[in-house]
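Next come two complexes built around chain A: one with chain B, the other with chain C.
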Partner chain A sequence: MANWLESAVARAESGDLVNDCFVGKRRQALTLLKQQAWPTRKVEAWKYTSLYPLQDKTFTIEASNDTAALSTVIDGLESIDLIFINGALQNIPSELPVGLSIASVNDSAEAWAVETYSSIKPERHLFGLVNDVLASDTVIIDVAANASIDRPVRIVNVLSAGHESHSRVLVRLGNNAKASFIEQAIGNESSFHTAFVEYDLGAEAELEHYRFALQTQDAMAVGGCHFNLATKAQLNSTLVGFGSVLSRLDVDVIHAGEYTHAKINAIYLLDNQEIFDLHTVIEHAMPNGSSEENVHGIVADQSTAVFNGRIHIHRDAQKVLAEMNNRNLLLSREATINTKPELEIYADDVRCAHGVTIAEMDKTALFYLQSRGVSLAQAQVMLNFGFINELVDQMPNQILAQWLRPQLRERFAQMEVK
Partner chain B sequence: MYTAGYSRLVSIERRDMSEEQIEKVLSREYEAGFVTDIESETFEPGLDEDVIRRISAMKNEPEWMLEWRLKAYAIWLEMEEPDWAHVQYPKIDFQKISYYSAPKSMADKPQSLDEVDPELLETYKKLGIPLEEQMMLAGVAVDVVFDSVSVVTTFKDKLKEAGVIFCSISEALQEYPELVKKYIGSVVPQRDNYFAALNSAVFTDGSFVYIPKGVRCPMELSTYFRINEENTGQFERTIIIADEGSHVSYLEGCTAPQRDENQLHAAVVELVIMDDAEIKYSTVQNWYPGDENGKGGIYNFVTKRAVCYTNAKVSWTQVETGSAITWKYPSCILRGDNSVGEFYSVALTRGMQQADTGTKMIHLGKNTRSTIISKGISAGRSNNSYRGLVRMGPRADGARNFTQCDSLLIGDQCGAHTFPYVESRNPTAIVEHEATTSKVSDDQMFLCQQRGLDPEKAVAMIVNGFCKEVFKELPMEFAVEAGKLLEISLEGSVG
Partner chain C sequence: MLSIKNLHASVEDKLILKGLDLEIKPGEVHAIMGPNGAGKSTMGYVLSGKDGYTVESGTVELNGVNLLDLEPEERAKEGLFLAFQYPVEIPGVSNLEFLKASVDAQRKARGEDDLSAKEFLKQAREACKKVDLPAEFLKRGVNEGFSGGEKKRNEIMQMLLLKPKLCILDESDSGLDIDALKVVADGVNSQRSPDRSFIVITHYQRLLDYIKPDFVHVLADGKIIKSGDASLALELDAQGYGWLTEQREGDEA
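For the complex of A and B:
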């Protein structure tokens, strides 16, 4: 067993288990966690991603505010910010729009929260359980029925060198509610953090969602977003990932009601020796739902991208329309792409399709640009950008898109075509 | 009416079936499900080193072969049964299987067809194998494997003239031990997987083919496998070597009698394709699938793999309609530059059948190309999975893969699944994968019915169209049989 896991379990057992209203669920998770083996490459869910960088590491557990100075504001966004510094929630904004309530749970929470906590995706991997057990500052966000919140809510994890942290947020959108959430992590130094957010969408609720996993270098991150969609609920999610020494994101969408729709656009851009592992699961449990998933990735230098996209259509989930598309650009001889688009279908009257392509940059397009006087490096950036921008353009919040584009451009400039 | 085997003459009339005939087909039971009552020499169930020694001794094998088997057995004992496939079945008790069964009348080796046990020949007739005159007319040489001993090999002399070796592996071990020693395990080593290790330890027969340099095999080679004795496993091992610039087309067909118990079939096929050579390997698999409730049926765990050297080409074509469980991934290792791998598959499951099948394309050489066309059809309460791997190695410059796997669902109690693994380590390699799942569309059905076709025929027609890309890859007589097999298998699944 890995030293890291042993010490995490030991910490939980020695009384660090947070004693709040979720303690019952934490105890259950701890029991399950103790039965789990450290995943090796032989475990299907970790086949392509090695946990070796984490295995024997030790981190500082104490929350500290030494990165508080880091500016996290996104200009013009006017978001409602929830900032966790090394896992510790800083403060809850005092002035909130009508219909939005945010609470940090210490000892009591409403019944729905206790019920929903860790139930959207009950069978999670090891780090989901670790997060259940060790995330102390759980935040509960409730958007009242029929409320439409104009300002986006931003969940920011700021991480500093040598720290290990776990954050957890539970979000409920009432019936016919509308809201926008942004998840973001900052800090590229050696650290480890798990961040899970659960979203429970009521009937006809609409959620606009973003997750920016832009930590690189030595920052290790394992996290996930789990969505539960009630009748006619709609999800529009954009995921952007840069790789790091260990970066894994699990996205699960459960279509629990009829006529639900989910759209997921994901982008990953990898360089150096980074790894980014994206696992998505779309569960169509009810009829008449639809989902579309577009995943575009560019992989350079010695980096490795992993995409495991699963669509599961349950028996009786008739008239479902599900599409998944994964396109990859491989820029270097030493880079690797491992992709597995899975379909598991038990209903007959459905239409389901998936596609994968892996190729290098179009030589004729490069030649064309060069023949027009564009330098090779610039032409490469342009083509890379064109490949990704299609998805950036589709982001409903263009202020975020404007904030994101220069970061992508900077990334492309570093990525060399070999 | 369909009987398993090559019914190419009868099948021509299949399109003009009357209502009455369709009724008859609808109420059909598994036709190859008879048991031939001939005395067999069968080992007591059980597996240990002693059994392996006895198998080896019965076959008068050289010492190295026994050593090789024992080594495989030792490896097998250490291995665990794989559980990653999308199939469910009770644990197999390997001690309840008999590992050797030979028709007794073989003891005094028949020299010609006349000397063969007439009842045995009757079995083949029921199966529709044209072993005698039809055989000659068809120009097909069959190496018939009846349970474990190869009974009759026809056309051997004619093949010998061309320098082609086509015999049972037991015979090859007697006559060409050096060749067997060189190639056995060279493509599928003993420790490759659980079932391959078991096969390596206890294989009893199979075919051995060697095509010399520059020879185009004068006829299509064909092997017919059949499991007869109750509680026996069939473990055949087939090795085909196509030397430089040669060409061969090999056909394989399978049936088994109807039994309540489940029977195990764990085969290994190794293909070695030298520079500029080509092997076309076609299979129609119609083992007993079990009854409507999933009772009985063959467990089919097969390892098939080909190694291609420079400019070589392998083409796997399979039509899988039988077996309670199919676990089969014919693979291509494209080692040489410019080598080509192809995989065309139709897998139909109905009743309680479970199929987990697909292919692996391992691109190692430059400019290697591969095509995967997989068509899965699920009906009844069955589950049909495509599981495939496409791997572009770091040296596979300019390699190209195209994969298409389509699933068709008939009825709302079945399942269709796709598990494609795509791994690329070379930027100049291009991989394309697409998959779709749908049901037989109402529009198509309406169109057909509007033109006067009954629903049954309409479905058969649509499915036939769905599988066309694969059928056109099959040799003529197999294509006809396959189409017919599908049509009959689909009867009763519409409604």
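For the complex of A and C:
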């Protein structure tokens, strides 16, 4: 029963295991990984998302630069770019703002990095372990205490046909630091990549975060963003996913200090037989924290959306305010939405609210638009857009919002109401 | 302009329009009155092509074009406009975006270029002013949280911007305060012209003091049972519909 996972383990064992300062953690991950079986649909974490498309696939592992056709440009955005092409990290920008440092671990890492690496990302993520053992070129980004970095840092994974890659970034925001990070993957041809980023937010640090999982069609991606929030740290995250044959994102937010705040806005837009699977876990470990999660999805044709939103309020985490809301628009009777809120509350003085709605497109609104001369197709785009735009409007970076909107429109134009 | 002949239409297998006839010439204003549930709104929906309304028989032509063969948006492009009795709320779509999409779609149908955002905004602001809606309403979601009267004024504003040939106003006066009634009536009157016609559906003779109709029809049980001039509305106001329906039953017996 050889499958993709076994070959990955074999690869790691046969000497591919990167021998850098993280090798101890990598060995640990390998041990854990070897105990894992290929997840079938009986495994809870993969209940609605089949790994079948990946199961027997083999890819080219050597990085190569055949991605000329894929543009990574975001118009008008002045960002600091870290670009992984089929897994190979391109040049680290040399001129960096004061307070920001970026290093690849080939250069050796500081003690904090060795300690933090793989400690924010929970062990339960199978592909996180895969990433532990296979990601070379780990990038360490440090934002100094009190620094406020205006230019966003962008982490881009570019994948071309037939490639497999694993990228890994570790970010630290010092106390009272402010920064903005954008994670992005590009390339719709058959490929597979895992991209995991860990963020360690110091006291009163503020992180503005985006993850655009806009690969579609045959591009497979499994990844995660994992955040640790110290006292009074604040996270504002926007996640956008188009589905593909396999697209899975795990988000973990650990409220490790008091008075932390996390806001997560997530959008998914699925078409054809694509799948997008978002698992979020909010850990309120300390009192007086708050979290607010809004997830809006539109599913068309025979696509499948999975949203698993877990909120875990620990026993001592009194006075926590946690809200989670998942709204779905179903454009076809053959599309599927698997949405599951999981609330585990052990503290008694908390406010926790959650809601799920699944609606079909409002036919009277469609008719109203048509009666004014707007074509059915355009009316559908407008209504879809209206459903999502609320969250796009809330993106703190409006250049990104402007870049995103036409892509959403194009996506909507392809999605049919049945 | 508009010719409806022997129109029969049903909703959910229930026959609502039962042989409706109506001829409207360019420039005319026709008022339609009639009891609740008579089929007045149904007529508006059938003419504009709403899903779920099935035409069983009869014909509808607008300036020689068979309306019944067309999609709702194509009917709008032929110059048909329905001011809804119950305008629809569309959160997330701004009124301005909605209006621009509507105007652009109709300009495109006429082979004209899209208006620039600036020029459009200017026109939209003027239209707002005409119906006494603050310009802030352009930024809000379509009809979202609008009061009953504000929704009606928003409908008239759309009519001002779209400049249709045949306007059906379905109870555009209901729920309006006296000042708003005048605003709506002024809006309509400002659009009266020799090549534009109106069907004004109302329950109240009072509106017709402001919008003077050329003809008044009574629609009851799915067809026009009486037509007359403006004085018919006064008669109805004084006596209700009872005498008409009794008279008709007498005729039929």
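Keep in mind that, in the parts below, the second predicted complex is superposed on the first by the 412 of 418 C-alpha atoms of A that agree within 3 Å, B and C clash if a C-alpha of one lies under 4 Å from a C-alpha of the other, contacts with A are read in each partner's own complex, and residues count from 1 in each chain.
Throughout what follows, a residue touches a chain if its C-beta (ideal position, glycine included) is under 8 Å from a C-beta of that chain, and two chains touch if they have at least 3 such contacts.
Everything numeric here is computed off the predicted structure, so don't read it as measured data.
J.: Of the two partners chain B and chain C, which one touches more residues belonging to chain A?
T.: Looking at chain B versus chain C, the one contacting more residues of chain A is B.
J.: Should A:Q302 be classified as contacting the first partner (chain B), the second (chain C), both, or neither?
T.: neither
J.: Report for A:S7: first if it touches chain B alone, second if chain C alone, otherwise both or neither.
T.: Neither chain B nor chain C is touched by A:S7.
J.: Looking at the overlay, what does A:S375 touch: chain B (first), chain C (second), both, or neither?
T.: second
J.: I'd like to know which partner A:T364 touches here: chain B for first, chain C for second, both or neither.
T.: The answer is second: A:T364 touches chain C but not chain B.
J.: Look at A:N188 in the shared chain and tell me whether it touches chain B only, chain C only, both, or neither; answer first, second, both or neither.
T.: A:N188 sits against neither chain B nor chain C.
J.: Tell me the contact category for A:F385 with respect to chain B and chain C: first, second, both or neither.
T.: second
J.: Can you tell me which positions in chain A touch chain B when the two form their complex?
T.: 44, 315-316, 318, 328, 330-361, 418
J.: Touching residues of chain A toward chain C in the complex: what are they?
T.: 362-365, 367-376, 378-379, 382-383, 385-390
J.: Show which residues of chain C lie in contact with chain A when the two form their complex.
T.: It comes out as residues 48-51, 71-73, 75-77, 81-82, 84, 87-93, 97-98, 101-102, 105-106, 109, 141-142, 158, 162.
J.: Would you pull the chain B residues touching chain A in the complex into a rising list?
T.: Chain B residues touching chain A: 84, 86, 392, 394, 407, 409-439.
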